[in-house]
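We call the chains A, B, C and D, going by the order they appear; numbering starts again at 1 in every chain.
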Amino acid sequence: MAIRVAVAGASGYAGGELLRLLLAHPEVEIGTLTAGGNAGTKLGAHHPNLLPLADRELTETNAAELSGHDVVFLALPHGHSAALAAELGDDTTVIDCGADHRLNDPEAWTRWYGGDHPGTWPYGIPELPGGRDALRSASRIAVPGCFPTVSSLALAPAFAAGLVEPEAVVVAVTGTSGAGRALKPHLLSAEVMGSASAYGVGGAHRHTPEMVQNLSAVAGEPVKVSFTPVLAPMSRGILATCSAPLRGDLDVAAARKVYLDAYGDEPFVHVLPEGSWPQTSATLGANTVHLQVAIDPDANRLVVVGAEDNLTKGTAGGAVQCMNLAKGLPETTGLPLAGIAP
Amino acid sequence: MAIRVAVAGASGYAGGELLRLLLAHPEVEIGTLTAGGNAGTKLGAHHPNLLPLADRELTETNAAELSGHDVVFLALPHGHSAALAAELGDDTTVIDCGADHRLNDPEAWTRWYGGDHPGTWPYGIPELPGGRDALRSASRIAVPGCFPTVSSLALAPAFAAGLVEPEAVVVAVTGTSGAGRALKPHLLSAEVMGSASAYGVGGAHRHTPEMVQNLSAVAGEPVKVSFTPVLAPMSRGILATCSAPLRGDLDVAAARKVYLDAYGDEPFVHVLPEGSWPQTSATLGANTVHLQVAIDPDANRLVVVGAEDNLTKGTAGGAVQCMNLAKGLPETTGLPLAGIAP
Amino acid sequence: MAIRVAVAGASGYAGGELLRLLLAHPEVEIGTLTAGGNAGTKLGAHHPNLLPLADRELTETNAAELSGHDVVFLALPHGHSAALAAELGDDTTVIDCGADHRLNDPEAWTRWYGGDHPGTWPYGIPELPGGRDALRSASRIAVPGCFPTVSSLALAPAFAAGLVEPEAVVVAVTGTSGAGRALKPHLLSAEVMGSASAYGVGGAHRHTPEMVQNLSAVAGEPVKVSFTPVLAPMSRGILATCSAPLRGDLDVAAARKVYLDAYGDEPFVHVLPEGSWPQTSATLGANTVHLQVAIDPDANRLVVVGAEDNLTKGTAGGAVQCMNLAKGLPETTGLPLAGIAP
Amino acid sequence: MAIRVAVAGASGYAGGELLRLLLAHPEVEIGTLTAGGNAGTKLGAHHPNLLPLADRELTETNAAELSGHDVVFLALPHGHSAALAAELGDDTTVIDCGADHRLNDPEAWTRWYGGDHPGTWPYGIPELPGGRDALRSASRIAVPGCFPTVSSLALAPAFAAGLVEPEAVVVAVTGTSGAGRALKPHLLSAEVMGSASAYGVGGAHRHTPEMVQNLSAVAGEPVKVSFTPVLAPMSRGILATCSAPLRGDLDVAAARKVYLDAYGDEPFVHVLPEGSWPQTSATLGANTVHLQVAIDPDANRLVVVGAEDNLTKGTAGGAVQCMNLAKGLPETTGLPLAGIAP
């Protein structure tokens, strides 16, 4: 029997990507689609790419509309999911693509988002140590941020194996869809095309504490993360260059072995062959992370580069992967391994 | 039992797109992959997006390698398919993405391609009048060019209904993947990004006679086509602006009705709602053509704008659609209706 | 003694390009800069590329602020220039980059813009027949639209020489800066990048009557123009493909001669060598139009392709060229002939 | 009397940018233009943007062609400049945009480039401590690499002031023109557009030793540099995110003061106002570097982001700036401060 699924926030980019993946998912029936200001309009006005759902009407985002589904995906601005989830009941699996339930530490929450901590839900990166267990049969899941997904996967094996000092530097180039559909001047196409720019420099981006949390958990000690996001002229994709000082002598073969051991059985995390370097186009629309590992002997650092599609593995694909786990389906069900290129 | 499929020319862009679609096709088993200069290398070196096939080795393109499959897709430079097909036997369905067998007129062939006409095969646009019948159970199929696919579908209903004079003007903006992987200076990224340029102006592009052939057949009289392709800074997508002088008074509602009547039951050709205009991103990776119709009363012209992904509906998706017809499968099997956006 | 210049609407794209050119103009002193909603802010907040003016404060757009300058450039939404100009006096040269004074026909004005016709000013394309005379010593100048500039220059010689029937088709690919800084969803970078889209199809774009006016004047008979603009993923640049049915036999050499005769002495309009085709990147930031001419014997059409930078020759550069004429300077003073490429 | 200038390697990207700048230089007369494989062709075939020089013929690159000029710019593959310079005589100022004479250490040269060290020339970043003195009246100048220019300027004040530990991390996003016009598959537009990719990871890029040399000289101790270049889908521009561990407590105001003291009088290096972050578009075609400084207290790092146009300040503009110094002209002569945006 099909899993009946609702999507709240269906007119945004994350909502659209969820629907694209769910349309191809063999075990899912797409139910109610809701929106905020776009309630009352048709989905086709916002996602002309989703032809099979073009005539679906968007309804208001509230618990009454969302109840009666097996799974509810929330793709909402932060601050809305706790109240909604409270009304939905535990027999509904609530998968939140927003930030509300990602951080364990109430003080960190208040510092980065303001207000009271809405609580912590199981965290949706199955490929982190212990990650999968917490998601099986979960009825509430916090989907990670797009930057923390690829960055945590890029550095976790090194910290788990004690290869590096707890001082990571992450510079991640991103397409602009990660900023959503907000009408902001710096996101206008004429501003973005032909230009790269930095923002949230100096540790000001809200995804930083999530990386700190993930990597500290893996390392077993507090890890400092210097994170800088860079906006590049592309719609999708994150390329994260992640590095940390080596703890001892390490050659690249040994480093690669640690990564191949960590991810060799993972369907979605792929350590590229020697000599190949990640490019975001190879992950476009796929639920994959591509990684490559290097050692810089002069600078004495491990450097790991990771690529993902911020809307697929970085948001909606990761969310569907979590749904598969929570509902007892094979983890890869309905999720593309092949990206669209060129 | 699965249909066993081979792809010749697997390291190019058309070959890669064929494989992306075939990986998602539920009735297909991917067999031999061949290449020219890239024979002996692994597929992953050319298509890092196709993870599940990364370790497949490319063999030489010849009949011995390709025989023993139910379907052979040819994605080769023109001039190679006739000889290969002759060796493959009629129990193998040969679907040629190249130009060799598209033109009916031997003189036109010699004028545009030089040398002797290699013969005409059933032409792979099912949605043209009578198109579907010729493809059912065909053992040889000529996949149309990317420009003729969207342009012919954009204008055929108007010519079939006698709405316009037989003098069409087509200006089609295209991404650069249509030029393939050739190492030509004008295709270098630094040349293309931030720039639009024309080429093949004045009816010099080889896709022109194919449009003439398609539209003349539909119109029942010779149709002149002025075709100009324009290169735009994007990887994929064709946006074709097609127009012709009106034969009599016609309002947009009547024109739309002609198009809705023509394509209302077609799964892959979609006339957009009034007020919406095609954008290539809505077709990215999908086997769809999006159309919109306008009447310009001052200029006395019908204007139809069409969008497609040149590699999907314009090449590889159209080819798989033809395979479905030829092998008696539901025509939509394995073919995406939803594009990847944004 | 320097010409003292003010710019109204300095925070927009046209205003910014005016300032970039005026900074390099040897006879100009930049005076007051005004804005609408951005009054009170510094120019550097809107144009970080204009370092030498970064600390200039924007004042309110009104006649009091703008008076006392030799030349006032208006880069405002339509509907504001007539009232401002009336207050400025005839000793101030007013050069309007907006649409208010471009159309001769009051009825056409009312149809396309609504309301009463604000009057007609000398029209700022010096290279059209008779265009230069009307601009020398003019105290009011209407700068043409970006599409009409390149399209009129592309077709005028053919109409002046009677080569073609009065039925032109223009399809022009444009970068998104032509739409200005408006915060509209379809101009968001994630929507634009990787996509081409049509808009204003069916003769609905307001630049159409301007092309009709220019080409009819040159042809000496009413010319119909079917115009379709296409949005492409680039910031700047227009590539216009312009065609019309041939009146008699004409080969490409004869057609080229007509164009070389028309533009051989023009510093800014350049007929490319045979075999070269226009690309917008070659005009980036330059006050140039690049043209190439073709004959399509099968379709019996003349096809002319033109490229320009919509913000330079298409707006601000054309405006400065007009200022040079109006103030008795050599026409090329301060205007770049070389574009920035790649 | 005009300075007579020759450009060797005029058909490449660096050569084209040199010519664009020299065309606008008031004290320069452009003499001989040479090329390698393109000798015998016209410049317009390679740089359609350089209209005023379109008909100039390219001659062979050799000392006979280049002699008799006051200044010779070399934009050649590495390994050619020493022999050419030896033939040119000391009364000719030779300014080498290639790598041959940048490194002081013969062993470093041999390690990174192979073969014998061709010697060290005065290094062309006037804004580094002591940089200007070495360039005044120099007859041989080594223009720095594009990455070292912006990265060295971004970090030099911090190292000079002893603010940070000698372990820098530089991740620099670059447009593809930096790779030149080489016909390599990964530079094809269809591969680059919509994609970010890393290369030369793990300290493998040849610009690394140049950064080490510059920063170690400023710091007065050996500085380690972990450098990763990232290819982004744009033609021009480098955005460098540069960081290093703080040596002590430092707030952002104090850090900014160090940078404003270092660069407050520099015409081409601009520390942006607080709250503004560099974007490469603001430097397009300008001889400028835009910088911003941040402190990350959690990660205990100084983060400096710098933007430049790799072909202008990063290559050809820097070269012309050096020529101005060497020939006793005001340093800013003919060099644009305003970029082209949007």
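In this section, a residue touches a chain if its C-beta (ideal position, glycine included) is under 8 Å from a C-beta of that chain, and two chains touch if they have at least 3 such contacts.
Predicted model only: the values in this text are computed from it and were never measured.
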Give me the chains shared as neighbours by chain B and chain C.
-> A, D
Between B-D and C-D, more contacting C-beta pairs sit at C-D
Centre-to-centre distance between chain D and chain C (centres being mean Cα positions), rounded to whole Å | 35
Report the inter-chain centroid distance for chain B and chain D in whole angstrom, where each centroid is the mean of the CA atoms.
-> 45
Which residues of chain C are in contact with two or more other chains?
-> 13, 177, 188, 190-191, 193-194, 233-236, 279, 281-282, 284, 341-342
Across the complex, what residues on chain C touch chain B?
-> 167, 169, 171, 173, 188, 190-191, 193-199, 201-204, 208, 212, 224-228, 230, 232-239, 241, 243, 245, 252, 277-282, 284, 292, 294-301, 303, 305, 307, 341-342
Chain C residues within the chain D interface of the complex | 13, 16, 19-20, 23-24, 44-45, 47-52, 54, 177, 193-194, 235-236, 270, 272-273, 276, 279, 281-286, 288, 290, 336-342
Which of the residues in chain A come into contact with chain C in the complex?
-> 13, 175-177, 179, 181, 183-185, 187-194, 233-236
